[in-house]
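Right, one structure below, let's go through it.
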Amino acid sequence: MKNLSPKTITLLALVALVLVAPLFFPSSFYYRVGTLMFINGLAVTGLVILIGYAGQISLGHAGFCGIGAYACALAPVHLGLPPVVAMLLGALISGVLAYLVGRPILRLKGHYLAVATLGFGILIFMVLSNESWLTGGPDGMQVEDLGLRDLLKSLGLSVPAAQVWYWFSGLVLLLGALLALNLHTSSTGRALRALHDSEIAARTVGVDVAYFKLMAFVISAVYASVSGSLLAMMNKFVTPDIAGFLHSVQMVTMTVLGGAGSVFGAITGASILTALPQALTVFHDYEHIVLGLIMMLVMIFLREGLVPSLIKRFSRRQG
Amino acid sequence: MSDLLQFVFSGLTVGAVYALVALGFTIIYNASDVVNFSQGEFVMLGGMSTVFLSAAGVPLPAAAILAVVITALVGVALNKFAIEPARNASVVTIIIITIGASIFLRGVAQIVFDKQLHRFESFSGDVPIEILGATILPQSVWVIFGAAVIFTGLYLFFTRTLTGKAVLATANNRLAARLVGINTNFIMTLSFALSAAIGAVAGVLVTPITLTSYDIGIALALKGFAAAMLGGMGNPFGALVGGLVVGLIEALTAGYISSTYKDAAAFIVILAVLFVMPSGLFGRAAVNRV
Amino acid sequence: MKLLEIEGLGIDFGGVKAVDAVSFAVTEGEIVSVIGPNGAGKTTLFNMISGVYLPARGSVRLAGETVTGLPPQALAARGLSRTFQNLQVFQQMSVLDNVMAGFHLSEGRHILSDILALPSSLRRNRETEDAARKLLARVGLERGAELIASQLSYGALKRLEIARALACKPRLLLLDEPAAGCNAVETEEIDHLIAAVAKEGVAILLVEHDMKLVMKISDHIVVLDHGVKITEGKPEVVARDPKVIEAYLGAHGGKEAANALG
């Protein structure tokens, strides 16, 4: 274990998770839950770069999920693009928009940044729910499937749709995690983590703080956009709620609850908070209470998030 | 002209509620640097408690007072059990804790109360008052005057009483306040009680107009937070101006442009202001000390 | 050659002149110390030179080029590096990463190849790591490389900050109280380190309260009091200047000290 880098360990753990989890799935419904975990995990991995590495908060990232989702809903119909290209187009639009908006917004700090990103997310939500001639309004609209299953069928492989999505989203998550981990140990990652700890010191070693914050914002926006695209295509349906404030909060909560500083932690957070509501449906009326309590307790007692705090405790006991 | 006045009346009414929510944010922020996203739930608790107490036979005025007291106690409990144990945690951590608290309170409300929309009787009937061709509900007058009384009362409290000055001192520099013998823990408790009570009063005043249900808190918290940031976090006067501005923008946009984009207009203005003034209209600019 | 030239530099805080009309120069390989009582404006002066504060008056020239009001990152690119009085270490990063971050400018921006972990990015990382480990060895921290910075002692953090500043390959190094809070042994180590760095041709501007250290290693001393320069010169001259003694001890104490010195 000692010789493996944290990056390798994280990737191996994720691969193992994706491969082994289906062995315990009692029904195909669980493939769907697994897929949701991976898609949320992807969005959250992007937020690790923004919140965990660069230390900037966003309460509006669901807006980028919305852009990704509606790109997949609209581009195939209006532009005749294949869904995959629509997803890339969505990612491109999100990235460019993040670049344009990020410039002025990221000059703000702390709670001011929170409210500005919040406002940005709400604006996207409003456009999606009000321009019903294009988006179908609050009732949402149909989304074309990615078409992977048909592709496999044409190759003579018949795989249930839920499983196709499970393996595909698992693969995308692994790729996303790999890229985020690459970034962590690189010069760019060091610049981001440096400006997180001390902006003034980062500047004195030559880091263009505004530029690197902006890059973290753009990269995380692209992650959110792709996750939105995947979510819409898996559900074959999308409503403006995907861009809503609650979705933004949900993503930040997943990130911070699991441990914003670590990709594995954040994905764990995403998995727990995705699975929890499914488990809590048994208690239906008490769902909110339990969810709220868990959020408070974890953040009070495991401040750095579930995974980093537990690792620290464990290693302290060892040492 | 009467149209404009009509929009201004409705803008001032919602604006007054936003201002009270923003004031709640401000008071807690000043005492503890915490932005309390469960501020909206205080408004909900004020309204819902009054509804259910009066349904249980308590006379409306007593029910309202009791509701404010209950909400204040919830605020104190929130501070004691969720905020105090998380002292010195990062901004994001605290935001998640208070959002967790807001979800929790919503969950409790949906069980203790229910998921229906509720209202109770307006305090002075529902016959609109005509002013210069526009009309205003007597309850709106209650809301606006209620907010005015609270703001004036707090102004006097902060400037004329020793306890009020202790709150300001704590806001300014907690360590220094402790060194001169101010019990900063008491100030924190007081601030949460005060914020919760103010939220509850807003809930009681506005319920006859807007109705209430277990989930009205989020939207109010967002608007109140935005208003507080617009005015400049930590400045009660900023909260007042921020709240009224957001309310007026919404009402005027709804009246003259499109009601579907009224929320958008408020946020566009907030973004525009923050781009020019990164610390809000009346906020203090942060100085970097190294 | 004059590396740093300061001309009439001044700044006001709330109408009070915190620093006013300060002028002096630093030559390559020279160690210049800025001394003065608490509140004399030494750190404020540093903050103006290093671009943290925007001066209200005067100019800063670096190697002949006017750099007044340039942001810290632009000054870093021109060879100015600094440490901080109250430590600005990247607390959550490893000791090694702290120093590696100091190589930011020589690494350049390669976001795409960093994300994709292209061979060029990995090679850059290895080179940076080697260079960073050498610097850590130089300040005596090579054994703590993998620790998280917040686990280091105060004195070690001071040296870590110097190592990070050296990673920028500065021509001019500003050190703000590098020996503050250090014990005698640590102070001695820092003393040697500063002298060795200066010997390589790096100009050093130093703020320090440890007078023994200042008198020993400085080539030139600038004395500030109440935001203005009251004198400058060789250490032995400055040490005997009645104005300096007065500034430190007050007018009366100054006379006593002068009498005592005979």
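Order of writing sets the chain letters: A, B and C. Residues in each chain are counted from 1.
By our rule, a residue touches a chain if its C-beta (ideal position, glycine included) is under 8 Å from a C-beta of that chain, and two chains touch if they have at least 3 such contacts.
Only a predicted model underlies this, so the values are computations on that prediction, with no experimental measurement involved.
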Revision key, fill the gap. By Cα-centroid distance to the whole-protein Cα centroid, the innermost chain is A
Practice item. Farthest from chain C by Cα centre, which chain is it? Let me know. Key: B
Check your understanding: So what's the Cα centroid distance for chain A and chain B, whole Å?
Key -> 32
**Study point:** Averaged-CA centre spacing for the pair chain C and chain B, given as whole angstrom
**Key:** 48
Practice item. Go ahead and note the Å separation of the Cα centroids belonging to chain A and chain C. Key: 42
Review point. Which parts of chain B, given as residue numbers and ranges, touch two or more other chains?
Key: 288, 290
Practice item. Please set out, as single numbers or ranges, the residues of chain A touching at least two other chains. Key: 200
Review point. Which parts of chain C, given as residue numbers and ranges, touch two or more other chains?
Key: 52, 84, 88
Review point. Can you list the chain A residues touching chain B in their complex?
Key: 51, 57, 104-105, 107-112, 114-116, 118-120, 122-123, 126-127, 130, 200, 245-246, 249, 252-253, 256-257, 260, 285-296, 299-301, 303
Check your understanding: For chain C, which residues count as touching chain A in their complex?
Key -> 50-52, 71-73, 75-77, 81-82, 84, 88-93, 97, 100-105, 107-111, 114-117, 121, 124-125, 128, 164-165, 167-168
Check your understanding: For the complex, which residues does chain A have touching chain C?
Key -> 179, 182-183, 185-191, 193-194, 196-198, 200-209, 211, 215, 219, 261
**Study point:** Residues of chain B touching chain A in the complex
**Key:** 35, 82, 85-86, 89-97, 99-108, 110-111, 218, 222, 225-226, 229, 233, 260-261, 263-264, 267-268, 270-271, 274-275, 278-280, 286, 288, 290
